Amino acid sequence: MRLTRRYRFAASHRLHTPALSEEENRRLYGKCANPFGHGHDYILDVTVEGPVNADGRLVDRAALDGLVRRHALARVEYRNLNQDLPEFAHVVPTTENLASLVRDLLLDGWDLPARLAHLRISETDRNAFDLEVGRN
Amino acid sequence: MRLTRRYRFAASHRLHTPALSEEENRRLYGKCANPFGHGHDYILDVTVEGPVNADGRLVDRAALDGLVRRHALARVEYRNLNQDLPEFAHVVPTTENLASLVRDLLLDGWDLPARLAHLRISETDRNAFDLEVGRN
Amino acid sequence: MRLTRRYRFAASHRLHTPALSEEENRRLYGKCANPFGHGHDYILDVTVEGPVNADGRLVDRAALDGLVRRHALARVEYRNLNQDLPEFAHVVPTTENLASLVRDLLLDGWDLPARLAHLRISETDRNAFDLEVGRN
Amino acid sequence: MRLTRRYRFAASHRLHTPALSEEENRRLYGKCANPFGHGHDYILDVTVEGPVNADGRLVDRAALDGLVRRHALARVEYRNLNQDLPEFAHVVPTTENLASLVRDLLLDGWDLPARLAHLRISETDRNAFDLEVGRN
Amino acid sequence: MRLTRRYRFAASHRLHTPALSEEENRRLYGKCANPFGHGHDYILDVTVEGPVNADGRLVDRAALDGLVRRHALARVEYRNLNQDLPEFAHVVPTTENLASLVRDLLLDGWDLPARLAHLRISETDRNAFDLEVGRN
Amino acid sequence: MRLTRRYRFAASHRLHTPALSEEENRRLYGKCANPFGHGHDYILDVTVEGPVNADGRLVDRAALDGLVRRHALARVEYRNLNQDLPEFAHVVPTTENLASLVRDLLLDGWDLPARLAHLRISETDRNAFDLEVGRN
């Protein structure tokens, strides 16, 4: 069985690669390359997988929430991804790269009996990024 | 009859008043005062009011969309409200103040036979700001 | 107190005025004038107003549902508005005109102690039409 | 300007009037009269109205959340409305009556400069109850 | 091809294991252990899989709806899961256990040519439980 | 990694097989067989899969949007599926068959480095059709 639990966070970013000229960045990322950045209300869906325990639950909700909050949300919410996160000092903070970072942050801190199975980050109501997480 | 038409835009902002100390800003605005800002996917609902014309419509959708785009969205979408908009050079860009600005921008450019009746700006799925617009 | 109850129906329509040429219809209604029509999943929100009775309710839900179903939904759901409804033989079935028709159909059949206060018809997730209903 | 802020709570209730027989209760409330009750995830939208302050805000969000939590949510969330609330010892806990109770609870505890303007309680995605609140 | 069809039902439950003390139940389930229970509007998504028939359909919608209604919804909707369902006399009615029960109920009654492939039960908008169903 | 991007289109259809009598069509498709058709607002979710490029993206959004628009949406939006599409001259335009057509249209035009992995078409908020797409 899998449980998917939903979290939300607001952050800002700018899509811009220092290796390219302003004009190339503009061609590549359009208005997302505007110099002062813009933002989103991201939705993060965390899916865990495992057997149901004697208490009828797949995972302790409070433990899962605490882990997600400490290891992922505390790093990104109300943040400017480009300027507040060293991981994005030389990597462009697209939602693809943000999804990979959140997976790594969660795996680093993971100490629950159920395994982390899947992540989805939605940016606006039109784009969602899915990452299946291998055995952990 | 009233027609409410929905638009969306992404922007970033920082809640911070230069008149106050960092500590006071932090107490007042919490994490929304983080120095590099954060962002939202705003939803803008524009309500127009008027009689239904012979062609069965309250307002020409393309004309309304063009007006909203030129006079409001072009100013705010993919922008950093604090740094890209001179109107927020000395005014804190809360969603309350953003709603007032969008109303002023729309009224300045309004040239449709139907009148602008109401504005709603939603920031995340938990906060919505409503402004009834007087005779125009 | 007001209760708003939500109904849904699927229908098709074509925006086209016989008084105008094909070219003028196309200019006025765009792709909505395509000759064979297109369709929508409409959402109808019916708002009733009145005092709360001794049984703790503003209106009997089953009675309201029956009235809406018999007098409005039965006329429009799974219908082609242009060809199935005599009311649209000479009137273009825009959502504005559909909202007025639904109000008239409901008022004609209204036999509930609570009054009909408001109607909203949403066509796609971007357009909603509101009609405040006077004393009845 | 008005701000509407959204809260959610889960509760259970049974629609049943001791003054009536089982059969009459069943006729009146249908399956909602089942003896052991059932439940809902209610959505509570609280609307406050007032001028925008020098800090760019209509109301302090933390103060509003604290008031709503202490005076309303703490009374109803994860509760059985019939058995946990003395207010429903002799009053049937329909959503109409729940809306009136929440309004009274909020007005009793109200100590914010902005006034309480409106309440909406939604029970399932098909029924919403609106209460305009007079001067307070 | 897969078709996912959505159903909704309201029910109440209490998370409580008689094998544990009140204090341990409280520590384990938090406010969900409140003695008189609380409730939810559950969303049930039933996914069937199979080839598309000559009539252009994967499954007859009326047959699927009838089966889901008779074998699953009729057992749980407007019910108190703890007190109305013998299956939960000695099993705590968490949504995990409810999902397993609904799968068993559907498999017991399954008589459609398309196979039952997947179930999802959502409890509030933050938690969803997924069960992939093996060959049947 | 997978990206799912959402598109919407309005169209109309009639469920009707010329090989059957009116009465048999009615028995099979119910009100969906009404002679003049009805319509829906379809939601199309297109999922692409592939590695993340040096620019931090899985696929160029503008290229994907252009491909979906030219090869799929341009054929179906604001159309009567039965009368405007030769593919449905002898095939009943159920959403199952529409999903297969959209997959074929996208595969025919596919020229992106990321592969087309999955399609979902939702018709009303109760039915969604999923097609996993094999290697391409």
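Things to note:
Every chain is named by a letter (A, B, C, D, E and F) in the order it is written, and numbering of its residues begins at 1.
The rule is short, and it goes like this: contacts are C-beta pairs under 8 Å (C-beta built on N, C-alpha and C of every residue); 3 or more make two chains touch, one makes a residue touch a chain.
These figures come from a predicted structure and were not determined experimentally.
Ranked by how far their CA centres sit from the centre of chain D, the chains are topped by F. Interface residue usage between chain A and chain E, two copies of one sequence, is largely distinct: under half of the residue numbers at the contact are used by both copies. Averaging Cα atoms per chain gives one point for each, and the point farthest from that of chain A is the centre of C.
With centres set at the average Cα position, the gap from chain C to chain F is 28 Å. Computed centre separation for the pair chain B/chain E is 42 angstrom, with centres defined by C-alpha atoms.
Across the assembly, chain F contributes residues 125 that each touch 2 or more other chains.
Arrangement of the chains shown, judged by which pairs touch: an irregular graph that fits none of the line, ring, star or complete shapes. Across the whole structure, chains are in contact as follows: A-B, A-E, A-F, B-C, B-D, C-D, C-F, D-E, E-F. By the touch criterion given at the top, residues 15, 17, 28-30, 91-94, 96-97, 99-100, 125-131 of chain D touch chain C in their complex. Taken in their complex, chain B has these residues touching chain A: 8, 10-13, 31-32, 34, 36-41, 77-80, 82-84, 123-125.
Listing the residues of chain C that touch chain D in their complex gives 1-6, 47, 52, 55-58, 61-62.
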